[in-house]
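Below, subunit A partners subunit B and then partners subunit C, in two separate complexes.
What follows is the complex of A and B.
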């Protein structure tokens, strides 16, 4: 696989994860458990969408396309579903706030590690986006940790959180599964290590946060078992993309 | 949940100003949520949250008697009025 193609795939996987995660957070506006949480979670969603936009810009740079709003929208919203490179964790439609919170913590823990990997990227713009994002991620984690500190301390809430962990946990491995082009992207100096190398530290962080829980069950030691999860879409993807495109589809040619 | 009062200080100014209140379960959550609710547009550079039940509040009529002490206002209006009256008096 050629380097530019590998780099594109790598950036696209990162951008698509951020885009979908941001969208998922924003869907809590108005329905989060309390008003202050509405604001916090949508603010975090905005940050993730901001990261996605910056990463999509890098993809357009690579293609030699000027990063106009229309070009960014086309890349973010107009691909056929097989053109997306997101993981199934960010596609997943959560059943309740507990699942959303657990995913928020797991995703942001992983995301901070992922930004670390590109903080010294050979692509200067990517390295500079990483510096900005890492500052924001510290607060995202602090928000999720502050909630979990309180909830894991109360027996009933703890049960619900661990149940939610059980639902979300099977999707963790796919989060760390790299795209096919990652090796080429790494040889171009894009990242310091493979996304797959984050699986073990992520497992350890999850255990440190939630304890050795029955809901986790047996964990996979490494990513032996590649399933090309970033090139196949889960059942939740299409409805999600439809919700994301809802306004855009009213008038596809509209200029904002 | 507890109610917290939120205070923000702007860069270059000395005083913290009260900007609102919020509900939170812990001190840490109060800080994190205040950051998003009141500082998301960088409205200040320092933040205090204070538990409302830690505020020492005076009863409502605490300062009422001081409302009727014009001699403590040093805007000169009382003296000026007396001088004006003295000038206009025939003697």
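What follows is the complex of A and C.
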């Protein structure tokens, strides 16, 4: 795979993860456990969508397309489902707040590591976005950690959190799955190491956070086959994309 | 500094002189209850407004657009958060008691949030027409509000509501200049939301309205309602939309729009929690609250410091909000 194509795939996977994670946060505003949490989740959601927008802009840069709202939205919303490069963890649809919190912690832990990999990227704009994003990620992690510190100490809440971890855990490996073309992107100096190299540190961070529990006793190796280098979508994706596109599809010629 | 008023006449003279009452003042109980009920309803309405908008946030057409909409709804819930704290300081109910009363259908919120946003056009109509109505009301309260903590919070709320209204106006303009389908969608939204937005101001103020006498409100409902009509009727018409008021007429003598007779029955139904979407809205809010009770229980030791989890298991008090 050529370097430019590899770079595009690499950025797209990053952007799609951020986009869908931000999208998942938007579902919680107004229905989180208390008002402060409504406010926090909407801030974090805005940050993730903002990262997605900046990363999509970099993809448009590569294509020589000006990053207008229309061009950005065409890239963010108008691809066929097989054209997306997100992982299944961010596609996962849940109305369980414990699962949402555990995913938030895992995703942001991974995301901080991922931004570190590109902090010295040969793409100056990406390195600059990484510096901004890393500052925000520190707040995201602090937010999730503060909640987990307390919830893991309370017996009933601990059970719920570990049960949620069990539900989300099989999707963790896919978070670290690279796209086809990542090697080409790396030889172009895009990132300091492969996304796959984050899997072991992420596992260690999860064990340090949640302890060694039955929930994470068995690591699954099957997910990489299901994601197929992030080219295959989970069952949750199509309904999610449909929901995101509902207004856009109402009148494809419209500007909103 | 401790202050006191020997009689209600002294207290009212203090208010008439432009005095500001603070949370730790020994205010007359009737005043305390009236201010509390007014702020509680405002807080409830900010929260329920956020819930009305959340139905459409995930579907917002556009990535940057979604960030703006998310920020707006975050502001609304942030207003609710601030207002619940101001209300709780009055010592009538804790924040949790107010929320539990709201989710049990025991307290009130503005009529407009008893309706469902059924299209994206409704979301824009809310951001434009409803936020404008709320802004006009809040500006009038702020102007001469006798309760200091509320007045100070309103300064911030009004600044943010101004941004929301401009966001709504910008989105409405895109639709007005857009395709036939977009314009039709917004016309249908206008048909649904014009009257509820107008009714937000309430029927004409009673002559003995204590909210006016105690300078909680500074202007009569009908004056505020008319201000909204004179501003938005010509604006909507200039964009080519039709006002859904068949009896509306232009008064050539006063140079004002008269929308004709107002049917107050829909407003009364919402006040009795019998609006078109009241039961779903309250049921779903109560469901979310109940499904996450385990979180509040686990965090109760930390949350009680700021009143969040005080009396988590409590079933609320007897007073109902409303104004």
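In this section, the second predicted complex is superposed on the first by the 245 of 256 C-alpha atoms of A that agree within 3 Å, B and C clash if a C-alpha of one lies under 4 Å from a C-alpha of the other, contacts with A are read in each partner's own complex, and residues count from 1 in each chain.
Throughout what follows, a contact is a pair of C-beta atoms (placed from the backbone, for glycine too) under 8 Å apart; a residue touches a chain by one contact, two chains touch by 3 or more.
Remember, predicted model here, so these are calculated numbers, not experimental data.
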item: First (subunit B), second (subunit C), both or neither touched by A:34; value: both
item: Which partner, subunit B or subunit C, touches more subunit A residues; value: C
item: Touched partner set for A:43, first subunit B, second subunit C, both or neither; value: both
item: First, second, both or neither for A:156, with subunit B first and subunit C second; value: second
item: Contacts of A:143 with subunit B and subunit C, given as first, second, both or neither; value: first
item: Doubly contacted residues of subunit A, that is, touched by subunit B and again by subunit C; value: 34-36, 39, 43, 147, 150
item: Sites on subunit C touched by subunit A in the complex; value: 47, 50-51, 54, 56-67, 70-71, 73-74, 77-78, 80-81, 84, 120, 171, 174-175, 178-179, 181-182, 185, 284-285, 288, 291-299, 302-303, 308-309
item: Contact footprint of subunit C on subunit A as seen in their complex; value: 19, 22-23, 26-27, 29-36, 38-39, 42-43, 45-46, 49-50, 52-53, 56, 69, 72-73, 76-77, 97, 147, 150-151, 153-154, 156-157, 160, 243-244, 246-248, 250-251, 253-256
item: In the complex, subunit A residues that touch subunit B; value: 34-37, 39-40, 43, 139, 142-143, 146-147, 149-150
item: Residues on subunit B engaged by subunit A in the complex (per definition of touch); value: 1, 22-26, 28-29, 32-33, 35-37, 40
